[in-house]
């Protein structure tokens, strides 16, 4: 049994279903990457896993326990961390406060972790007293990822963490994600910078119209010319 | 030339009353600004929360007085205040549970919440009158003055007198404390930061493990405490009359806006701006000028008091023209 | 017959705190008549109250419309504020032919309105009171005053007429500043009044509204110690509030010479309300007048009894005081004339408003003392 | 987790159902007599008429808020300006007033506005360093000139027959003509206000307009020469016959009798029906124009601006210009409502212009009706007004119901004594109930 | 087409744009790259009139356009997209597009009452045009959806779509690619090239996807810390040591090589 397993999810925003039997699983310490065209339901799937969308069908288990009925908040306490695709910072709080909020449920001393985040994103460190709403697009993204890292989750879910960040930061970010995964944390992420992402992925999902089209290791997907042409930009 | 007399006249008639009034507005505005900052709507029921809370405080005060308990020179109402706050918070949390929560869950636009608060306002309005009636009530006991006009004249030998009431000093002190405490709380405590986070981005706050309902409850309790305190001080200083508390809502809104919505410092600054523009601009300078050796037939009054409300609004508008989101850069949705 | 009588007052709104005692005054008269069993051979009187909010003409019209067309009242004690009264009179009272007697609407506009004989008021005219007050002030040797008035037609009208008559007679007005009722803070007004100065402060307002707020501020800051108080201010509540701080103050209000007022106070006390509250006596008189006029006309039809109102109110005839409505009814039934005096020395002059006898009062020793009539 | 919801497909039906429900309420009010309803067509129609006027005002607010997201909290001020229309146009001239100082007042006003215009020119045209001194100099010179012209003229006018006139008087023209004039007054003021204040956003604009509303009311209450201030202006002529005339007309009496009605009742009903016809016609015209505009690219543009000003302006829409346009038009419609209202009241009573009743209640109407939707605003207005009036009866009735099981005694009589205040509680309860069951308004925007 | 002279934009004490001077040639597709926070978006916002500059001038076709409001620039043919999507969220996707063209008859109040027929015809044409654009962007299935309900990438596409609704002279694209599927981004790139060739649009493109920049842009301008760091043809720029250090990083260089070889394969 995988650490996270979301099986056969169906549901949407009221009217027609967006998810049509989508299944996602991640093992401990694994990196899972979801790719797919725009509007395929990737973000929706992430929200569903996180309990922000009620499912009509399907189940989500974490560490063997069924969490389908839990609220997002309870899932946070179970060790899930999430960076949404948009609106992922607190705009009128400073960068530092944003990071502190990431550690809201932690009772221990998290100053080390903040320092680690600053080391990872030096550009953001310079702005720690500035309101996050005043940052550039890429800087916001870095703060958002930093906030999630602060939680020290056991499952980290990232919805397009690299959108808008510069190549050098993207590389750093992927390096860091590998590092994080090596400490036993499971990673589930959506990526449009798909080639780079699949390169580090243990498992890759190609989602189309709310259903799994291809599921394989990252390398295998990269090697499939059909997948490359239709989903990865050649 | 008689600078001292001029100064005392100004102090007695302009500075002290305006400062006390400003502080009362500021306390009210703190509550409004807090609700706006965190729950993101202008709470029309705030004035009536003040009235309702004060009515409860008065009832408790009467009870204490009947039991023979007093605070010596300070008004007994101060002793009743915590109880009043507790009771009123209970009621307000009830309204949140019954009314506002529904719209919050539905993610209704702020204007809908504003309208719901108008509904709550009507209800509290009626309840206050049922509980305590419509008459003017005075409930200040203890000493009324720190310094009376006669005492001051005897002491200083000036023609002008100076009066300082206990309630005025009390208001100023309490406002300063409340503002400081609120500022510290919001910016430095965990719960305060959680409140700001919630106000910034509700979903993300949820994702960070913040319990939104707790934040909301806390906000209501603090706002109610501020409202009841403001209402009680206002009632001690003037007198309690249910109708007046709706009227004071407009200057309170004005104060919180001109200072910058969602900003406690702004609320306080706004309160003083409104109060001083009302009192100072319509002040006839004749007497003061007389002390300074400038005799005049006219009153030297810029505008008559009929326009005091209008003047304070003109000043607000001018401030907003140069600082579109208030003096202290408030929120805007 | 069960006769319904309307009471239209601002039970909610800015004057909500004086409305209840006005209502009670009117109901007292109605109950008295009803209990006597002497009206039109044993008719009972049922009061029906409506809330006209005092400030909202449309709401007032709707309320009075309801009284008239739905409840079928035979007369209305009301309205309370002038604007609202004009609207409800023009749009409901006159078109439907219902008598309205207002205890408190004092606007001169109501004197000239085309009321087809359906409108009366037991309230005194502002113009007359201004003159009386000017005389009293001058007799006290006070040569300069500051005026503050409640910013409505009553306050403004009274302040204007006082100022006119006072200056004509040689006094000086240093400032005439309005205050709004229902605002708690009067620092600005007090500051302005104090800066302008004067030997006394004329407060043309209401005792439990802004008027007392201004007095409070003036006393606290030592701006004034003598206050001149017209009808809206002269009542027990003010005395209770300020006690001997009003030692040098004085004033006047319309009241019958001798027994009328005192009797009403007694009656009210027995009924459990404060009769010195503004316009409570006027309300009693307004209600009594309508009922007496019915008896005089031998019908409760307002189109008929409207012509009798002036008759019962004025001489000749036996004087009728509060508590003597039964006697009045008897006399009328017997075809005799009466001269209703009531609680406020009712003497109606054309076009149907109270001429007003004023009693002069002072507040020496922290009590309300009558010192004379004029 | 979305905050934009799909419109209910049923919304056209919804409007009809709500409309029917309100119609039923009015019919009940007209025919049934019990603790809830008065059973008098006269009251029903009186409520309806003011409801129609409120609907016009609500439409104005809806244009500003619903179409453009402008938070105008100074509604009462624009109503008051509109109400000036009939006073200055339709009332009879005051003898001697114009001679006393009419021209001088006009000259003063011209100088006053000229000064403001000049000040704006100076601010825009003069180089930075000199700007402030030049502005202040202009203002001072202008103000002195203005007061020099204005004060004596006003004194003279107010002294002219002070007890029953003391104002400048009207022109004696037909009252219907004064409606567009009232609208124009409000629109013109809105233009000035808009020029200054429309740079502000949401609640900041609200408080600025709230202030402007208060200023307008303060002027109206205190400038006696204009409309007698707090002394009230009565005797505004009517566009419909007087009830007493009808009652004196044998033909009418006979006709009434043939319906089995007495003349007084019939005349009341007939007059109110005539008013209802007039108001209804104006209302329908305003709605027609508004709907045509809203269903066009113009409406789409306004919605875009309301949604996202930055983007709209990047897409070439002149946000400031459009805001000013809609602010002026909306205010003019509000003013039109004000003019209609004083025409029906026959009275201008500035003491009664308080924001609770004339600003916030109108807002309640718009939001309860469903902002952005014209029919919603209209239905909201009529319904809320109905409730506002009926709460006067329902409140105390509710109290009697509540106290029924209580034993005779102190508490009960205390509660019954407070019965009038149940008006507010009843109003609040009904408002909350409506909002609960129609959280986006009775007829939400599609 | 556009010349920027010594432009400054400061926020408090912070110099987001700190003396940038650059030229965008008519008919070019100019790339603008640089690390996060370099001041690219701020520069765009100043040029497009959203933010007033602290100092400096912007010239368009010889005319000084510094500080002109955005809507006037739009009518001069300057269009832009936003980095964070600025859709009209409560309008449908189609309406989002149809509102774009300027000078519509139906945008004048008077005409909405008296020119109904003309408006109807214009609307029909607009609708057709909007549907074509939606088709091209592969989002025609959500044409009647509220724009606020779109996915992140779809919003980005809508941003781009708006610039396709009218004839523009110059289009500023702020990271249209972020969050857009790479296959689709390829198509978009083709469209940009086509618009540039066939209709003579000038483009200025901010993008962090170096493939995209490399394929489309000539020249490429690199910004860092509010200043122009380097300028030149894409290939050159990617070899530039300073650019690699500040922006590209070494790790990527290998990858770019690897994937480009993959491409050719």
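In this document, chain identifiers A, B, C, D and E correspond to the written order of the chains, with residue numbering beginning at 1 in each.
By definition in this document, a residue touches a chain if its C-beta (ideal position, glycine included) is under 8 Å from a C-beta of that chain, and two chains touch if they have at least 3 such contacts.
Please read all numbers here as calculations on a predicted model, not as lab measurements.
Peer 1: I need the common contact partners of chain B and chain E, sorted by label.
Peer 2: Expected: A, D.
Peer 1: Where the centre means the average of the CA atoms, what chain is farthest from chain E?
Peer 2: Measuring from the centre of chain E, the most distant chain centre belongs to C.
Peer 1: List the centre-to-centre spacing of chain A and chain D in whole Å, with centres computed as mean CA coordinates.
Peer 2: 53
Peer 1: For chain A and chain C, what's the span in angstrom between their mean Cα positions?
Peer 2: A distance of 76 Å separates the two centres.
Peer 1: Measure off the straight-line distance from the CA centroid of chain B to the CA centroid of chain C, and report it in whole Å.
Peer 2: Between these chains, centre-to-centre, one finds 36 Å.
Peer 1: For chain A and chain B, let me know how many angstrom lie between their CA-based centres, rounded off.
Peer 2: Distance between chain centres: 46 Å.
Peer 1: Which residues belonging to chain A are in contact with no fewer than two other chains?
Peer 2: 13, 52
Peer 1: Taking each residue of chain C in turn, which ones touch at least two of the other chains?
Peer 2: Where chain C meets two or more other chains at a single residue, that happens at 16, 20, 151, 178.
Peer 1: Among all residues of chain E, which ones touch two or more of the remaining chains?
Peer 2: Each of 149 in chain E touches at least two other chains.
Peer 1: Would you pull the chain E residues touching chain D in the complex into a rising list?
Peer 2: 48, 50, 69-71, 74-75, 79-80, 82, 86-91, 95-96, 98-100, 102, 104-109, 111-113, 116, 119, 122-123, 146, 148-149, 162
Peer 1: Touching chain C in the complex: which residues of chain D?
Peer 2: Touching chain C: residues 33, 38-43, 46-47, 50, 162-164, 221-222, 229-232, 234-235, 242-244, 247, 264-265, 267-268, 271, 341, 345-347, 349, 351-352, 354, 357, 388-389, 392-393, 417, 420-421, 423-424 of chain D.
Peer 1: Under the touch definition given earlier, write down the residues of chain E that touch chain A in their complex.
Peer 2: Residues 11, 33-38, 40-42, 83-84, 138-139, 142, 149-154, 156-157, 175, 178-186, 208-211, 246-249, 251-252, 255, 259, 263 of chain E touch chain A in their complex.
Peer 1: Under the definition above, what is the set of chain A residues touching chain B in their complex?
Peer 2: Spelled out, the residues of chain A in touch with chain B are 50, 52, 72-73, 76-77, 81-82, 84, 87-93, 97, 100-102, 104-105, 147, 151.
Peer 1: Taking the touch rule as given, give the residues of chain A at its contact with chain E in the complex, in rising order.
Peer 2: 13, 36-39, 42-44, 85-86, 123, 127, 134-139, 141-142, 159-160, 163-172, 175, 192-196, 229-234
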